[in-house]
Amino acid sequence: MNLHQTLPGLHLKNPIMPASGCFGFGKEFAQFYNLSDLGAVIMKAATGEKRFGNGTPRVAETSSGMLNAIGLQNPGVDSIIKNEVPFLQEYDMPIMANVAGSTVEEYVQVAEKISHHVNALELNISCPNVKEGGVQFGTDPLLAEEVTRKVVEASVVPVYVKLSPNVTDIVSMAKAVQAGGAHGLTMINTLTGMRIDPATRKPIISNHTGGLSGAAIKPIAIRMIYQVYREIDLPIIGMGGIETAEDVIEFLLAGASAVAIGSANFKNPIICKEIIDELPVTLKKFGFQSLKGAIGGAHHETSRAGVFRA
Amino acid sequence: MRREWMTIIEHQEIARQTYRLVLKGEMVGDVSEPGQFVHIQVSKEYYLRRPVSISNIDMENKTMTLLYKVMGKGTDAMTEKKVAEKVDVLGPGGQGFPIDKINTKKALLVGGGIGVPPLYYLAKQLEKKGVQVTSILGFQSAEQAFLTDEFEALGDVYVTTNDGTLGHQGLVTDLFPYVKGSFDTYFTCGPTVMLKAVTSELTGVPGYISMEERMGCGIGACFACVVPSNDEKGYRRICCDGPVFDAKEVVLS
Amino acid sequence: MNLHQTLPGLHLKNPIMPASGCFGFGKEFAQFYNLSDLGAVIMKAATGEKRFGNGTPRVAETSSGMLNAIGLQNPGVDSIIKNEVPFLQEYDMPIMANVAGSTVEEYVQVAEKISHHVNALELNISCPNVKEGGVQFGTDPLLAEEVTRKVVEASVVPVYVKLSPNVTDIVSMAKAVQAGGAHGLTMINTLTGMRIDPATRKPIISNHTGGLSGAAIKPIAIRMIYQVYREIDLPIIGMGGIETAEDVIEFLLAGASAVAIGSANFKNPIICKEIIDELPVTLKKFGFQSLKGAIGGAHHETSRAGVFRA
Amino acid sequence: MRREWMTIIEHQEIARQTYRLVLKGEMVGDVSEPGQFVHIQVSKEYYLRRPVSISNIDMENKTMTLLYKVMGKGTDAMTEKKVAEKVDVLGPGGQGFPIDKINTKKALLVGGGIGVPPLYYLAKQLEKKGVQVTSILGFQSAEQAFLTDEFEALGDVYVTTNDGTLGHQGLVTDLFPYVKGSFDTYFTCGPTVMLKAVTSELTGVPGYISMEERMGCGIGACFACVVPSNDEKGYRRICCDGPVFDAKEVVLS
């Protein structure tokens, strides 16, 4: 089955890519399989300067998921361009850069620099784990629109905006970034959560709160993608709790044009490759003739045929 | 590194709430240094893998021995695994004690509690290389002590317990006066508070410490397990740059 | 250990009660244990008239949780007062009525009537599963304040407002209902989610979206209670994924004064009773001298002693 | 009703993807009518319990037989349970076929696929009461058929399969002409589409139908499992008012 998918800036040989922050810059996973097998790679967040991130512990286990508060640790955009991108460029798949910052200026600066070296940007206005910047851009439609507009202007490649699920109204956030000129959406980032250790009586995560990811949040991701797909005509890269090829189909039916796999890479470092191999079989099992036939299928209750988008 | 469903060859309680788990599989052949660890998926019920040090290796029979203590839900669930069952293991991970790169004739090994296991394979490898091994092993009490006989077979052993039920009553560092002059390098693994005490008492002596931190990926990709370092880079990842570090490389907090 | 807790309108012999909608009106559980052992009972939602609720399927399984869209099916407030409350009144524990509606008038009408027969009200402005009313009151601070004020005026017993987690800023919602005169908070209700069946290509739940409950949402509940406890001086009844006595302690440490157990009653109908029996042992195991010593404990990082509230 | 860890006495595949599971425990003594069900927690990995009908009861040995088909993840995981393991069962649930309250001399049983199991215990109880039992059993194909011999021992049996690999090719209702006059009451269990076909062909004849719906609590508290009813109340809960209903009581959709 043809798994090919074309999205703004991205020619994907299949719709599967690792999610930002869960795959580093690819090196560690290259020992397990050929990264060229991936639809694309989304790199770990880049900020203007190098960041050390939060104190440890930075992760905690939850039921069917995990909390993380890495705090955007990264070597800074210049070092990423110099030391990390070249490694990924040796493989045959598009690269997305995840762009983070504390101010609009920082977002613009990072986008400007890194967009020359990658195929698309993922604008991260939804990281719940840093004090300044990050998530407030992702929860206030006006700020979201503004930062999107400036980053779109600064970037030489298409910009996907990564939405935060920590909002009352995901559709109005999606509309705001669409108004700002976004070429696509990625959703969802993590939900802000906390765990407290009864033994120490303190939050387990040093940052107190962390972002909840994993299978636990999948129903929320599906719901948000379903809602946004109905209202906004932008391609969606879906994520949140994907662990199997069936999960991928659930995301496609909800309206995602491609998907990213995050924390599941920690359980099984070969998960992306395994899902890529299984996807055609599973699509066939459920009677789909093509990848695109599944996209948005849940919105068309009377017909068995999906609609095409991007 | 690989992901493998390894077969349980042996699984038994060897001290209070402490278990020996012997696993067989191809991964054993990949182990390069004492001090490396494996990352175990206990079951689908537990989202994250659990890091456990490799305590011994039998290359011929392709088995590795892990010793683990029940500390929470995951290790508790692990105790229910039976011989012949298979376990999902990722490994071997990380950098161990760099015994082939350093020049030591007389080694001091200092282990605390569940930090003792990786030192056993280290002791064996050192002894094989003709290094004189002295060990200080600290436990909470006699019933929680393990591997003491095995270390005896490889050199001098001093034991301490918090409650004095075995060996000296007190801390591992209490015994440093007794081992003075009997080592040129030290190797230590245990709780962070012990690592701090050991390194600060032995400044000036070349030393290697094995550290712990909560992990996400266990392979270097997620930056969950960082520790501040004394250089421009500013950090090390315990899962892949460590868990063993030169004592001067990292900042203990 | 003394598990006694006094909250507005509620003298609890222990801090454990079943959550609304997960315990019907108690009858079904009375065959498993003596309901007088409970700290309190929160009844299923009452509306002005009888409601049939949504179509089926109304539940779907998720990783470590479930979706439900019952749609507030209930026999109506008059019938509840006549046919359901008397059964519960035979037991020795306080009763909370969960008050729902589509309009402010309906909320007021239900509150007025039922408050004469129970010890406290739980104002449900957070049900995500009905078309009109319900959740929009729980996501808009002004509406929330208004309906709270009117219900508090109409009620002869204290009013706890049940907060929805489907909001950007839980603290501002809590402040709004405090301004409306709420005597306490219950939190959290379910998160809106969806599952799609790859075989039928449709949402599994007939209502399309449903409310996500269970262990999956516990980290979100803990985070929200922790945030609200810091800012608002109202007692909190915590809920969301509680399955063990340790979970209860996590909620207490975050700032809950008592807790409710919802979907876990479906896995194990005796769960409330089991947790009540285990709680003193577990508190002792973690070094707590009293129930109250645990409440809010996570906020006092330097001391091992908790603070007292309510 | 009770929650009990029942012991697996027997567990085997009896037709394609269809398993017989025999459980032993005190709960067996609580079963009052054929057509009741139990609610099974497959493992901690599956949040909701799975409802499964009781297909047979051995009061003396305190065992109950369940027949289940693999339909999804939970039933698939169930197949891995081994004899002597224990399973978390809640039950017996609901109202079965009210054979003690009705007056039937000649019963027609109509079962489709995995709706056949509860009819077996019903057939046995009817036969015991001296009722003449005629059964029509429908399956997808021969390899998915089961219990046909057991029903033969209790009365006349007609089998249909979708593909004609066993018995008549077609639907259970195709066989109604053959059984005309041989019953005064009917009892049916199977997919909703079959229930609708059966009840609409047999209007005028007293009948009882056993229904399915996704469940939350399984005990009547959550209102997940409702079906519209033909009276003022407007609904029935399948888990406690059913799963068996008078055919005129509920509205099939």
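A, B, C and D are the chain letters, set down in written order, and residue numbers restart from 1 in every chain.
As a working rule, a residue touches a chain if its C-beta (ideal position, glycine included) is under 8 Å from a C-beta of that chain, and two chains touch if they have at least 3 such contacts.
Which chain is which protein? Per UniProt: A, C = Dihydroorotate dehydrogenase; B, D = Dihydroorotate dehydrogenase B (NAD(+)), electron transfer subunit.
Every value quoted in this text rests on a predicted model; they were computed, and no experiment measured them.
A.B. asks: If you walk touching chains, what's the least steps from chain A to chain D?
C.D. replies: The fewest touching-chain steps linking chain A to chain D number 2.
A.B. asks: Relative to chain C, which chain's C-alpha centre is the most remote?
C.D. replies: It is B whose centre lies farthest from that of chain C.
A.B. asks: What's the distance between the Cα centroids of chain A and chain B, rounded to whole Å?
C.D. replies: The computed centroid separation for chain A versus chain B comes out at 36 Å.
A.B. asks: Let me have the rounded angstrom distance from the C-alpha centre of chain B over to the C-alpha centre of chain C, please.
C.D. replies: Roughly 46 Å separates the two chain centres.
A.B. asks: How big is the gap, in whole Å, between where the Cα atoms of chain A centre and where those of chain C centre?
C.D. replies: Distance between chain centres, rounded to whole Å: 33 Å.
A.B. asks: So which bits of chain D are touching at least two other chains?
C.D. replies: None at all.
A.B. asks: Of all residues in chain C, which are in touch with two or more distinct other chains?
C.D. replies: 62-65, 214
A.B. asks: Answer with line, ring, star, complete or other to describe the graph linking chains that touch.
C.D. replies: Chain contacts: single closed ring, each chain with exactly two partners.
A.B. asks: Any two chains that touch count here, so list every such pair.
C.D. replies: Here the touching pairs of chains are A-B, A-C, B-D, C-D.
A.B. asks: Show me the residue ranges of chain D that touch chain C in the complex, using the header's touch definition.
C.D. replies: Going by the criterion above, the answer is residues 1-3, 41, 46-49, 74, 90, 213-228, 234-235, 240.
A.B. asks: So in the complex, which bits of chain C are touching chain A?
C.D. replies: By the definition above, chain C touches chain A via 62-65, 67, 139, 166-169, 191-196, 198-199, 201-203, 208-210, 212, 214-220, 222-223, 226, 241, 246, 249-250, 253-254, 282, 286, 297-298, 301, 304, 306.
A.B. asks: For chain D, which residues count as touching chain B in their complex?
C.D. replies: 44-45
A.B. asks: For the complex, give me every residue of chain A touching chain B.
C.D. replies: Residues in contact with chain B: 21-24, 27-29, 31-32, 44, 50, 52-53, 56-66, 68, 70, 73, 214, 263, 265-270.
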